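Got a structure for you, written out below as structure tokens; questions coming shortly.
Letters are used for the chains, namely A, B, C and D, taken in the order the chains are written, and counting of residues starts over at 1 for each.
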Amino acid sequence: MRIVFIGDVMGPIGQEMLTDYLPKIKAKFRPQLTIVNGENIANGKGITRALYKLILTSGADVVTMGNHTFDKDELYDFIDDANKLIRPANYPANYTPGKGFVLIKVNQITVGVINLQGRVFLDAIDDPFAKFEEIYAEIKDQCQYIFVDFHAETTSEKLGFAWSVDGRVSAVVGTHTHVQTNDARILPAGTAYLTDAGMTGPYNEILGMTKGKVIERFHTHRPVRFETPAQGPGQINGCVIDFSEQTNQAKHIELIHISPDHPFID
Amino acid sequence: MRIVFIGDVMGPIGQEMLTDYLPKIKAKFRPQLTIVNGENIANGKGITRALYKLILTSGADVVTMGNHTFDKDELYDFIDDANKLIRPANYPANYTPGKGFVLIKVNQITVGVINLQGRVFLDAIDDPFAKFEEIYAEIKDQCQYIFVDFHAETTSEKLGFAWSVDGRVSAVVGTHTHVQTNDARILPAGTAYLTDAGMTGPYNEILGMTKGKVIERFHTHRPVRFETPAQGPGQINGCVIDFSEQTNQAKHIELIHISPDHPFID
Amino acid sequence: MRIVFIGDVMGPIGQEMLTDYLPKIKAKFRPQLTIVNGENIANGKGITRALYKLILTSGADVVTMGNHTFDKDELYDFIDDANKLIRPANYPANYTPGKGFVLIKVNQITVGVINLQGRVFLDAIDDPFAKFEEIYAEIKDQCQYIFVDFHAETTSEKLGFAWSVDGRVSAVVGTHTHVQTNDARILPAGTAYLTDAGMTGPYNEILGMTKGKVIERFHTHRPVRFETPAQGPGQINGCVIDFSEQTNQAKHIELIHISPDHPFID
Amino acid sequence: MRIVFIGDVMGPIGQEMLTDYLPKIKAKFRPQLTIVNGENIANGKGITRALYKLILTSGADVVTMGNHTFDKDELYDFIDDANKLIRPANYPANYTPGKGFVLIKVNQITVGVINLQGRVFLDAIDDPFAKFEEIYAEIKDQCQYIFVDFHAETTSEKLGFAWSVDGRVSAVVGTHTHVQTNDARILPAGTAYLTDAGMTGPYNEILGMTKGKVIERFHTHRPVRFETPAQGPGQINGCVIDFSEQTNQAKHIELIHISPDHPFID
């Protein structure tokens, strides 16, 4: 089993990088399952139906989200039909449309994909540690593999989660900071881990937003409208993970980073 | 000019990794200048006189700090004599002992080393962007190179700072998250950049603190005493940067990461 | 039915104010039920067995807590036997000793007392809005009156909660900011409301902590050890609420504030 | 000398309460100086030229602001001509239009009015404690009285500031939480103090925003557009402070709170 994961796609440049490179990445790595975080694909804030479809036609099997899930009201129109889209599972159960995990059949094998969101320096939604246990109890006997996109700000919450589930989950990959970390590893009990996959979007901006605006806010501390630029060089970030068919444990995790400084190599 | 930077040294295992590997790293890369972040060297919180000396005898020329600078009261006893120790320059000028930058002579060349601290999700000290401009105006004519350890939580504040100073500063290396990022690059106007150098300490813990305690806090949300373990495998993280003697611009930046999964290679 | 509530008791001066004035307040108002917030009674941080008993012998029937509940380890020794002590009900159920509400018999009448904690600018524990609904479903048929101590930082979370439960709960009184608010009122459906009861402790300090230390932290942004002073004038803050025996709705809410500027009047 | 201060005016209902009651309040108390916080007057977010004029024609001599100062872009068009409008003085000096204090001549007497903003749980602008010292050194010899609107979230930062300036400033009145506190007092060295003046706007909403929307956000944690209602009962909050002409110290501070539960009394 091989899974490719691509981090937060940001605005028009992110869309372009995804449609250009995801097919090439898939041709190179030939994953059985491809997962893309789409929380920022619509100008940095949320997702539309057309962009959800764009991610799927680019080659994704599952779309994960994060704290920007509901930024575009349009999502309410199609989230119930969006079978391949999951939003953080620990949004309040009684109030939140959509679902927090999905089981995907790959040949004879079932992979559970879970989306969770951290709470440190983010909104106080439900406990991601507790919500995981709930979902895990429900799906563990139905899945050979479980992949978690843990969307969070701090390294400690992501690492805390990963060490809590080591050996029970196939892989924990973090998202949200938009910068790829260099700590990909296999934890002792067999869980693949990466603190942050990084983002897919502009290479010469900040978070994927026009850098002049971000810097203006740091200088002035006044309201500034952030924008996702439509021009300029792009990057695509993610990882590819291999799992043993015998033990279902992770065998190998490798970073994907393509940018002007690191061109794609076949 | 070649500079080696080593990220936040955490507790006893961090001390051991530093004394074991910094000499080897220096022998391998032969830097003209070596900088080590020491804000966590004393059981995760601050620094003592003995540990300050340990960093220097391990091979560092400058010790930078961060939000944990003043956790050990003992620092007040020796900070005025600690010529090689700098703390974030943007602590309030009227109240803070110590200094925020230092000029180091390397052969005929002067390197300015500045320590700054971000404010997003950290304490609201003085403006690091404004404080940089102040220091830069003061030292730019006295230095051939300027190195900044920008100690901050978010990727946006670090990137915002780096893009603000691109071409004026030789290198901006981030610290504080304790996880190394994979975005080392040379910005267009010649500044070397890395969002986070990562930390030096335990390999199988969280932030360098015993992982069971960190996880206990996420589960219980009650007070938990964090500890730096004394046993277990270690890691050392940092980077090495080369600068052109002609233009003083950065030519190359490379990550240093040594751990059981990535053994040191001569 | 008349209930007296006294806000967060801070350290030695708070203890003294409580033992001096609570008997006088009770003699004056003759409440059927007296509730005291004790989260800060032990030098600002938590509670001990002796101080729990002190609150009860001063005249309290129930002791509520807050974010400082577990600051003193000694609480673990007696929380299971402390029938009159409740801690915020929305700490994680699987991990937290003690209980979050209590039913008290007053003559023939049962009063439910619930302690909840907000999450805005406080730790991300479980959802206080959802936890209330759970407890309410469980106890509503067993109680004539329900009193909630909602321990939170912001006015919006306290008001949001109160308006959510208006008519279902007899009274919502806020704690945590240590400053009494002047917005006591009866909401349209009959719930008595006060954003913050204020604290019981030093009159000439900040939050009940020695003011020089608090100011030093604002000036220096360095670690400062806060202390609860043992000397100096005190204040006691709270409120008294009357309920209709016919409708069980609140009829009247009145502030209690005793300090050198506002001496106790019989 | 008598000063009337009115807290944050919120949207249409706040405008109505101000135009209806400020003339009556002035007729009753006959202050020499009237100050109104206008940061929320335009639908909760910022101020327009027309609304700035409305505040002045209602009877204010000075308009103070807060963290919402720059929410309406229109302010940039007239801030340089708005002689009676001050925004928090501790916004970055090099980048912020407008001014942070103003000297007002009342008969032969000069009153300095300063606007400052706290940083705890608010944006990290410049140090309000340090900025005050700077302004104080500049104006103290030109003013008989100094009034500070300290716009901040926490009671500790407001109290910390007030105790820092006791005896040097005539009055410190807090704003921002939109709930009036009940701790008006004269500090030992003669400074009048009130943690929060409260707001001027809807009586049956939250923060002055439609309560259903605020509650929806607490329930769902999804994006919700907040609105200032145009219908419904209102409240106006503030205080009136008397100063000795001999010593310039505060002699008396009294709360102003008018609402359906507390009708205006001549």
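A few points about this structure:
Throughout what follows, contacts are C-beta pairs under 8 Å (C-beta built on N, C-alpha and C of every residue); 3 or more make two chains touch, one makes a residue touch a chain.
Chain-to-protein mapping (UniProt): A, B, C, D = Metallophosphoesterase.
From a predicted model like this one, the values you see are computed outputs, not experimental measurements.
The minimum number of touch steps linking chain B (Metallophosphoesterase) to chain D (Metallophosphoesterase) comes to 1. It takes 180 degrees of rotation, in steps of 5, to superpose the Cα atoms of chain A (Metallophosphoesterase) onto those of chain B (Metallophosphoesterase). Of all residue numbers used where chain A (Metallophosphoesterase) meets chain C (Metallophosphoesterase), over half belong to both copies. The two sides are thus made of the same residues.
For this pair, chain C (Metallophosphoesterase) with chain D (Metallophosphoesterase), the centres built from the Cα atoms lie 29 Å apart. Our note on geometry: chain A (Metallophosphoesterase) versus chain D (Metallophosphoesterase), Cα centroid distance of 44 Å, whole angstroms. Contact of a single residue of chain A (Metallophosphoesterase) with at least two other chains is seen at positions 92, 124, 219. If you sketch which chains touch which, every chain touches every other chain without exception. The touching residues of chain C (Metallophosphoesterase), when paired with chain B (Metallophosphoesterase) in their complex, are 69-71, 91-92, 95-96, 123-125, 219-223. Of all residues in chain A (Metallophosphoesterase), those touching chain B (Metallophosphoesterase) in their complex are 121, 129, 153-157, 159-161, 163-164, 177-183, 185, 188, 195-196, 198, 204, 206-207, 211, 214-215, 218-219, 255, 257, 261.
Against chain A (Metallophosphoesterase), in their complex, chain C (Metallophosphoesterase) makes its touches with residues 92, 94, 119-120, 124, 126-127, 130.
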